[in-house]
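In structure tokens below, several structures.
Across the two complexes that follow, chain A remains constant while its partner is chain B and subsequently chain C.
Showing the complex of A and B:
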């Protein structure tokens, strides 16, 4: 059949046009505007004067900015790899169950994921409540006295990380489970005939075969956790926010509380670059390792 | 010695029984084929020998040792799966050496065995490729190679040719036969393809409906089927079955009459033949078209010209279709009246339950 290439190209363009328009209006245009805003002294609403890279110079000298970078990095370290490993471990246990038992256990692990962050906050604020919280039993056993977890600076981030893992690992379990299910049972049977121990099967068969899922989970986690805001913002209520400030919280603080739109845009650009660079680097590294 | 002995082996999934008291003795070095229709339990039986399915009842011995309670890796068998089950992330070399590494075989020994097997199977040039880079036939060879390097007591092959195209299947079938001749190992091969069974097997185990119907050499299965099921399952075209109208005794042998036809003298002894509904079984090559008008009468319905012979689907007077053979260059046309001479020495009588009665050997 003869094909009219210019006509086919026109039809193809017509089909992608709605997406290109929406992507341009809702993502590209605001991104460009944000970058431009970061070179001005604009307030939250309204235009500002062009001040070049002054916001960026100020940002590099800003102690609170660096605190928020450190806290964000600390939170990422506490959540990304542990959340992935826990998700994998639970998925492997769940995958050994059959039928309704698997469905019930999977639902139990996935249920927290559908909760809004405010409910998660209420649940765990009660769980850790100084007077009535059930978590105070193990804490008292460990530390010898009731402990205000979210008011103790060194405990704050690990506790929020713990709650975040509880909240989100259901999704990772689901991803890992679909990866595990894609491995043919024949392969495990062949490995059983090949004298492979359970540990060998995990190390040499399961782990390499679900590596693409692992790389995906790690990357999704990294991007999500770099953008941490809600949990930290809620759990810090009533306490001193500065020591536990994370990057998005700092952007919020600068834009909405201090009316520094231009400076907040500069911090946003910094976060944008961090997310892009780290997620691309990590994904490439993981992919290369998988291919090896 | 790697004889495999099954003693009254049974298997059920809940209330559903899939194998019922199966017994057999497989001699060391035999090429045994489990043949049967889908769902007859042949793959389950193979997996039970491998240890991949538990045995509900009965005993399994390999090389004199009882193994039905042992895990798969302690039974000393290797298996080639239907879809090959190669490890997709490993190279061919790694696939073949994996099992040996797990039992701490020295590296030099692993290399030697892998290279020997690769040379035997002509896959040396593929050793550094991954399964995704191989064709179906090459994957199949790798799967066999993975089994060979382990030097097992027995090879278990679960429909290994079913994923290959027709031409490759014939070639691989031949290669498997050559491989068996070379290594003389005990092999158990599962298939529903009677041609694979007939061409490869030392003995065929025909299975149907949870049970063994017959165990025998390919020619025993073909020429002296124990049951009507075996007779109908093996052979192409399938054996003819014609309802018997009457049986008379001529010198101790059964002379059989079909509805409206002259009697046909068979070599089946009358003594022992049951009364009631009987059926005569005869293969197409024992039903020859005659050109002198002798034999049973019918009308040619469909003609299949196969080149070296012609199959004439003939409608007998009672409406039964009987497939008869004529020479390659046959002039018969659909609708022609034909006469067919039946070779009474090749005829088999089946009772209502399907049990076969043969001419004495």
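Showing the complex of A and C:
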């Protein structure tokens, strides 16, 4: 019996070994190293001197750091709630359809989500092209002249947010669709018998019952958009990155362009902490859902 | 309702037309909503359509001042040019190998770990489980600097392995697998135990085959995710011939200056494989996304 037991342990350890190795070397080790590195003045590659919390002190006085925090927050504000609400609206429109009609319409909304970000960038860069872009027709109508959207300071973030919503909304639509399907049709039939208006049905039935999914989507979006880099980096190519710099981009800038490994690690720790705080909220929420 | 109708025929008779009217009114409202849905869907998908159509026009028509929703002359010239003048074939191979590598290693190690966590007793089991749950929250993006340093120390920059390794942390795959292994009836395992089958045999002949659907779903989304990943492959590779296709098309311009049809053709090619995968495995993609978001699909 005892031999059997130790045999099971040996097998189990063999089974988890590959993962534990990967996890230790590629996750725990880099995380510890990141914290250690943030207390040094090391370049990206090579040794550095231990300087205590100097990087963090510097960070709190760093205008560019705070600009990147502000820009990240701005981007989050522009995307998270609109993306969630648009996702819900589209899911409600799609859920009314049946069978193959639903499949086709859903695919049209979802397809952008599976595109690589660089493809999304190419497509929208062409849509907004100053000379030949098809979006210049409505833009000229609004502003009276052709507009270089990604080269106009105040338009940059909203435009990138717009493209991001187009790109990632499919994910939210899917989650909302499954949430909507789980609402019993009996409730809607009862409401229809009472001659309730569409708006009343939405406000009294759909919205409260879909709320758990809405909260889930909101937290997923929040965490995702805090880590924004790709779109901002790509759309600003060839222009000045500084005014629209976001947090991850600032890490990239400090580590890979300024060769400030230690300082970049300190900014990474800041990002790390911010995301974990919000993730704990999401986790609590998921657990609450799981228990229900 | 039917009882009330039969007992009170007058009332039923007066109610019926009123109900018919509201039904009709509802239908018109529904029709309008459907129409709006279709228009919105067409607008939503239009940029993709427009990108594809533009890539199939000759460059002279691309920069024409009129809007043409269908090319006057269809041509695959732009695609031909991309294939000949860029390293896109090479980038495709890089993407294929690194994405398959990420998918295979992630799924294999995750399934084994999930099986051990779900079916076996061993010291440290709970600690490992909580570590996995906790890492769910950790932003891997914050580790780019130290991943780069680590890969540089291992001499894996500009190397397939260097692209693959930091993309292997997917705790959610273990969580999903464990949930499914937990729900396999215990009788199967006990029966196999009676025949003194090894754990490996039980895992590979019972638990894995019973969950091929989940494996397929997870494999497809892991593959699409790795194919579409931009930040890490972008950092880990600086040599054009080692780039992934998603990075290559934005970092390398061909020697002929800006040619819109060509840029778009390169982009369409970069997305082609995952788009086709999605269209074939739509159901599985949906299922996997729901599972990994913690929603029962």
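By definition in this document, the second predicted complex is superposed on the first by the 249 of 292 C-alpha atoms of A that agree within 3 Å, B and C clash if a C-alpha of one lies under 4 Å from a C-alpha of the other, contacts with A are read in each partner's own complex, and residues count from 1 in each chain.
Just so it is clear, a residue touches a chain if its C-beta (ideal position, glycine included) is under 8 Å from a C-beta of that chain, and two chains touch if they have at least 3 such contacts.
Being a predicted model, the structure only gives us computed values, none of them experimental.
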| item | value |
| --- | --- |
| A:45 touches, of chain B and chain C: first, second, both or neither? | second |
| First (chain B), second (chain C), both or neither touched by A:34 | second |
| Which of chain B and chain C A:20 touches, first, second, both or neither | second |
| Which of chain B and chain C A:251 touches, first, second, both or neither | second |
| Which superposed partner A:119 touches (first chain B, second chain C, both, neither) | second |
| Which superposed partner A:111 touches (first chain B, second chain C, both, neither) | second |
| Chain B versus chain C, judged by how many residues of chain A each one touches | C |
| Partner chain(s) touched by A:195 [first = chain B, second = chain C, both, neither] | both |
| Residues of chain A contacting chain B in one complex and chain C in the other | 195 |
| Parts of chain A lying in touch with chain C, wherever the complex brings them together | 5, 8-9, 11-13, 15-16, 18-20, 22-23, 25-27, 29-31, 33-34, 37, 44-45, 90, 93-94, 96-97, 103, 105, 107-112, 114-119, 121-124, 126-127, 129, 131-132, 134, 137, 166, 171, 174-175, 178-179, 195, 198, 213, 216, 220, 223, 226-227, 229-230, 234, 237, 248, 251-252, 255-256, 261, 264-265, 268-269, 271-272, 275-276, 279-280, 282-283, 286, 289-290 |
| Chain A contact footprint on chain C (complex, rising order) | 22, 29-30, 33-34, 36-38, 40-42, 44-45, 47-48, 50-51, 54, 62-63, 67, 105, 108-110, 112-113, 115-117, 120-123, 125, 128, 131, 133, 135-150, 152, 165-166, 168-169, 174, 198-200, 203, 224, 227-228, 230-231, 235, 245-247, 249-250, 260, 263-264, 266-268, 270-271, 274-275, 277-279, 282, 285-286, 289-290, 293-297 |
| Chain A residues within the chain B interface of the complex | 184, 186-187, 189-197, 200, 204-205, 208-209 |
| Contact footprint of chain A on chain B as seen in their complex | 50-52, 71-73, 77-79, 81-83, 85-89, 98-99, 102-103, 146, 150 |
